[in-house]
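So, here come the structures, one by one.
In what follows, chain A forms one complex with chain B and a second complex with chain C.
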Partner chain A sequence: MVKKYIVPLVICLILFMALFAGCTQPSTTPAPPSEPKTGGEQEPEPPKPEKDKIVFGSVHSISGPLAIIEEAAFGPIRNLWFKDVNERGGIYVEEYGKKLPVELIEYDDKSDIGTMTRLLEKLILEDKVDFILPPTGTAMLYAAGPVANKHGYILPGMSGGATTIKEIIGGLPYFFSNLNFSDTQVPAFGELVSELGVKSAAVVFIEDLHGVEYSGAVVPEMVLRGVDVAFVKSIPQGIQDMSAIIKEAKAADVDAFLCLAYPDENILCVSQSMELGFNPKLMIFGPGVCYTFFKDIFGDEGVEGLMSWGAWNGKSTPESQELIDKIGVANVDWWGHNLYWAGMQMLEKSIEKAGTLDQSVVREIMATETFDTVLGPTYYDENRMLAAECHTGEVGQWQSGQFEVIGPKNKATAEPIYPKPPWPGQ
Partner chain B sequence: MVIEIIDIFLSGLLMGGIYALIAVGLSMQYGVARVLNVSHGEFIMLGAFFTWSLYTYCNINPLLTLVICGPVMLLIGFVLHKTLYRSIRISSGGGAAFEGNSMLASFGLLFVIQNMAILIWGASIKGYSYLAFPVNMGGVIFPANRLVTLLFAVIISVAFYLFLARTRLGKAIRAAAQDPDAAGLMGVNINQVLALCFGLGAMMAGLAGTLLSMSFRVQPTMGLEYTLIAIIVVVLGGLGSIPGSFIGGFILGLIGSIVSAIEPSLSLVAYYMLFMILLLVKPTGILGR
Partner chain C sequence: MNKVAFTSRNLYLQVLLILVLILLVALPFYTSAYNIMLLCNILMYIIITVSWVLFSGPTGYISLASAAFFGVGIYTSAVLGQSLPLPLVIIIGGLFSFFLALLVGVITLRLRGMYFSIFTFGLVELVKHFLLWWEITKTNTRGRFVILVNYIHVFYIMLAIFLVLLLIAYLIRRSKYGLALQSIGEYEEAAAHIGINVTLLKVVTFAVSSFFIGTVGAVMATRWTYIDPVIAFDPFYSFMPVLMAIFGGMGQLYGPVIGAAIFAYLEEALITRFPYHYMLIFGIIMVVSILYLPEGLIGLLQKLWKIINSGRLAVYREKRQKRGTGREQENA
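Now for the complex of A and B:
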């Protein structure tokens, strides 16, 4: 009788122990640094702990649909930072009494959010990296935020962002937002529209977070500025033919055409506008237009006068040209490369100032201090979002092969071209 | 109003020509070689990248690339079938087991080709402007490059149909499609014919890629969207029917154009709705057996 219950009892006991063992995870919140000792007696200085490098971990999209953005925008600037820091001998960390070189462990998430979060936890729990870097794009960043926060890891958010981040960032104290988006870009565009005397516009937006956010901000701004909005239409991702929309905008004879979409749709829209002879006075597009591959496809003449969000160039700050030379002008993302670089500089300087790799100490310094970066004096606001004053521009325009800042006026590097010149050969 | 209707109709034909060309190759591969080639779009992508490379680096006219790209893709497809799919066919013993296994293999092929393309050409978007100017036809404006694409798509598809209908080799292919065992007994070298059919399918995809690259972006991940369209068209036209795929392509193009004119956001939804309705109402397709 007793024998009958022994095996089930043992199994239950093992399961019970395993369950409790699983629940007792080590504390993920880093302990505060110990207070320095004071007093008359001088204790011998304890030996510095051994460490020969700072290991950064990054999960990003090397393959899959997001690989385009990774390759054009984030990959080059991230790799450049590692090369640059190591050429300078590394980051000085007082706790170890020396400069430590930086090393990157990277994984491919195949553009899949589930894979990204799993690999991010692997970096933190198994690889035990010292710091993590952001994944590719806004959706990925939103998913990475809670994971990083759960483990008390700083997540510098240079790879994406949207206005809705403001709603969640309060609950994610380790998340820092670096990109500029619609809340600062659209008002600057509105000022530009008024200044140029735009009378009518047509708006097309992609059916996702980006498109909904930008159209939701742009349309009221246009109406507020007295611009007659002929139509607002949504398009799905992967649309193959935009000729019907372009012909409708052409028939409406609008002054401005706004395509608030991603590189795929923006390229389709530009090529079909060219093919159908649709050339309004102002054309502005979402991400992609400020990437070099866009200029490579259509040439300097093809992109002349096209606007996009951003923006920066060699004239933005004294340090900007040096960064462009390092990246190579053919590889620059004219929206976010300087913001990404500034984010990495802020992290580096915070580590140096903290003198430790303790996340909570570094986070506190990052959140409260002002740093000299490629943007000039740079700091986060009370919500850990890069302060709007630090942005180098909000609206850019291709002019003679250069992406010029044309809005807001106090950050402009050139006067806007209006109306947009004709397409090449037309 | 009349001009608008003509505009929508002709825009549909322009897209339909491209869809037809994409689908004819897949129909060939499934109808005769019995391979539901999920990596069909990757051959389109390869054709597009070959054309882009030749145009960008060697300044070769994209239309001339057709005569380079076609044979290269035919050879790649032929060798792939001779090596990969023939082995699977022998080990599966043919029939439904082969169809299942070959489809799984083509999934693998999709990732292999896509990642190879990323390594060779990089992940970023490529493209070029060719004949990117408007043509006014009776008040209706069309892109010149899409008109050229339609013209070549029709010429290639009709030539392909005539090849199947009028030549001795075409007769062997049709015999293999009807009953491979009986065709083998009648002296048709069935292994050669099946490999040739797969190669011809890859060739059609490559040619479609060349024509697509004149109007659309080129990137390593572009293939899957075209594979999905090709599958819809093949089902619409009737599995394995070459004329059916041709007609199906134009019907899908017209539906896309009409829906885009009314509500652009529903253009892709309309394709999948059509696919589901077809599977429910007439699963054999328009010209399916």
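Now for the complex of A and C:
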């Protein structure tokens, strides 16, 4: 009889012990995000050992649904930057009195947020990397923000970002954002819509942070500009057939069709619009259309006149063409690549200027100084977001196989084509 | 003689169990932070898998709804985490999952086989898209932040949930309810005919197992920091427990525990060492283990145990020899 109850009793005992031990742990409420430490507050550190390289850690989506964004957006820039810096002999750090080459430790998060946060902490706590690089996409970036901040690591935000970041960035002093998004792009698009005389529009958006944000910004902007919005519809990620929505937009005979979605949905939308002969005067898409591979799928004529957020090209700044040559024109993302490159340049220059690998010192310089980058003079605003004046464009359009900047006016590299020419063969 | 051997073996097992548990409880005092986080993740998979086996093991109903219950827990944590203390959030997360399972169970547990599996999988998508629709059209929410919780705290909570789950799974297995569940799995009509309230039993067990998945979701969300419906209701968490249970073996209670632990550890070890090839290596391991370990790791361990323990090794060798000589004679 006694034997029968031994196992349950032991489990109860251990359970009690575990709970007791759990209760003696510090309170569950996390400490408020730490403010950046100033040098004076730090305890004196023992002399640093010789250092022969700067180790960067990155958790990004090598597999899973986000891999397509990783490969097209920040991935090529990250790899190029490591190659480029090492070819130049590394980053000069005064503290060590020499140029230190850079090394990357990378992990795959399988597009899973739990894996990403855990491995990011592994990089910081176990691998003790000197700097971290951001994960793939907006949600991942948002999840990485509090983790990086907790450990006092600079997180340079690359692919991803949304206006909601403004609500939380105050509490995340180590978070920097490099990409431009709806708050600067939608007003530029609004101006364009007024200038071109668009009368009616239909809006389709993807059911996630990106889609909700852009539709939430675009629809009021259109209404403000006196455009009649025929319908606003959401589509799930991974949708296989958009013909019903396209037919509805065709029946409504709208001037503009806005597809605020991701590469897969945008490719589907363009191919089904071609099949159904839906050719509105203006078509604008979310991420995907701004990648060179999109043009390679449909050809120069197929993408002629299609718009997307962005934007930059070889004419944007004197250094832009050099960057395009380095990346290779076939791999360019015409929305973010120059911004990501500028972000990496700013990080590099901040380390050089700081002369140390101390995060809080580098952060201070990054947040306050102006740097000379591929964008020209570049700096972060008071929210540590890349200042809007540094953007090379907000709206782009495919014209004769080139992605041209068409908005805002002062940054345009070409006049907009309106109405969009017919699809090839129609 | 046999009885003595049995008792002492049982005692060994109990001592071993206690030792393992003491080691686990004391873990934060002698290992790195990352190891604790990794262990939290392993415990998460163990709890989901054992919960899944609790219902699907004996009854043979393959549920693919784990991700839905897990997601409900995550969402509870995201919505209530800011205003309520963590223990309460965890219990509420579990209860939401419990009631969702109860509701779904009442509607669907009359379905059998394939139909049940497909329906439960559909549930994950249903809840996900309902929340998406709700947040986009009604609340205009764009993702939610979850308050970060100290990893040591998370670890002890996970350990506590794990032990409660183990205790409950053990008690159910040893009780008449466990037997009744087993009989449902073997022949449901016969079980109904001998007076078992088949539907009630199935629904309640399904809900109890979901409770634990919900609590784990609520705890783990605090380590994820940011979620939206697509992240919370990831179908991945429906398939993992099934794979892990098959990998470990479902015959014994400790099968899924060991299966999930090794599976989760292996995944992490591979992903950190071979970020570009881990899928390939993992795939090979899965194929090999399914081909050669039809009863899971535990089946293999039991076979080895039998061979070593009861001196069958000698008998086994003798048999092989005999077989060998027999064949040689035949060949001759």
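One rule holds in what follows: the second predicted complex is superposed on the first by the 377 of 426 C-alpha atoms of A that agree within 3 Å, B and C clash if a C-alpha of one lies under 4 Å from a C-alpha of the other, contacts with A are read in each partner's own complex, and residues count from 1 in each chain.
Here is the rule we go by: a residue touches a chain if its C-beta (ideal position, glycine included) is under 8 Å from a C-beta of that chain, and two chains touch if they have at least 3 such contacts.
Keep in mind the model is a prediction, meaning the values are calculated, not measured.
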Look at A:405 in the shared chain and tell me whether it touches chain B only, chain C only, both, or neither; answer first, second, both or neither.
neither
Applying the document's definition of touch, where does A:63 land relative to chain B and chain C: first, second, both, or neither?
both
Give one of first, second, both or neither to describe whether A:342 is in contact with chain B, with chain C, with both, or with none.
neither
For A:236, is the partner it touches chain B (first), chain C (second), both, or none of the two (neither)?
both
Go through the superposed model and pick first if A:354 touches only chain B, second if only chain C, both, or neither.
neither
Of the two partner chains, chain B (first) and chain C (second), which one does A:207 touch, if any: first, second, both, or neither?
both
Per the contact definition in the header, classify A:72: touching chain B only (first), chain C only (second), both, or neither.
first
Shared contact residues on chain A, chain B side and chain C side combined as an intersection?
62-63, 207, 234, 236
Note which residues of chain B are touching chain A in the complex, please.
7-8, 11, 15, 114-115, 118, 122-129, 132-134, 141-146, 215-217, 219-221, 225, 256-257, 260-261, 264-269
Taking the complex as given, what residues does chain C use to touch chain A?
7, 10, 14, 17-18, 21-22, 25, 32-34, 37-38, 41, 85-86, 129, 132-133, 136, 140, 142-143, 145, 147-153, 156-157, 159-160, 163-164, 166-167, 170-171, 220, 223-228, 230-231, 234, 236, 271-272, 275-276, 278-279
Listed in rising order, the residues of chain A that touch chain C in the complex are 3, 6-8, 10-12, 14-15, 17-19, 21-22, 25-26, 28-30, 62-63, 106-108, 110, 112-115, 117-119, 121-122, 125-126, 139, 142-147, 150, 162, 164, 168, 207-209, 212-213, 216, 234, 236-237
Contacting residues of chain A [partner chain B, same complex]:
62-65, 67-68, 70-72, 207, 233-236, 238-245, 247, 263-264, 267-268, 271-272, 274-277, 288, 291, 293-294, 296-299, 302, 423-426
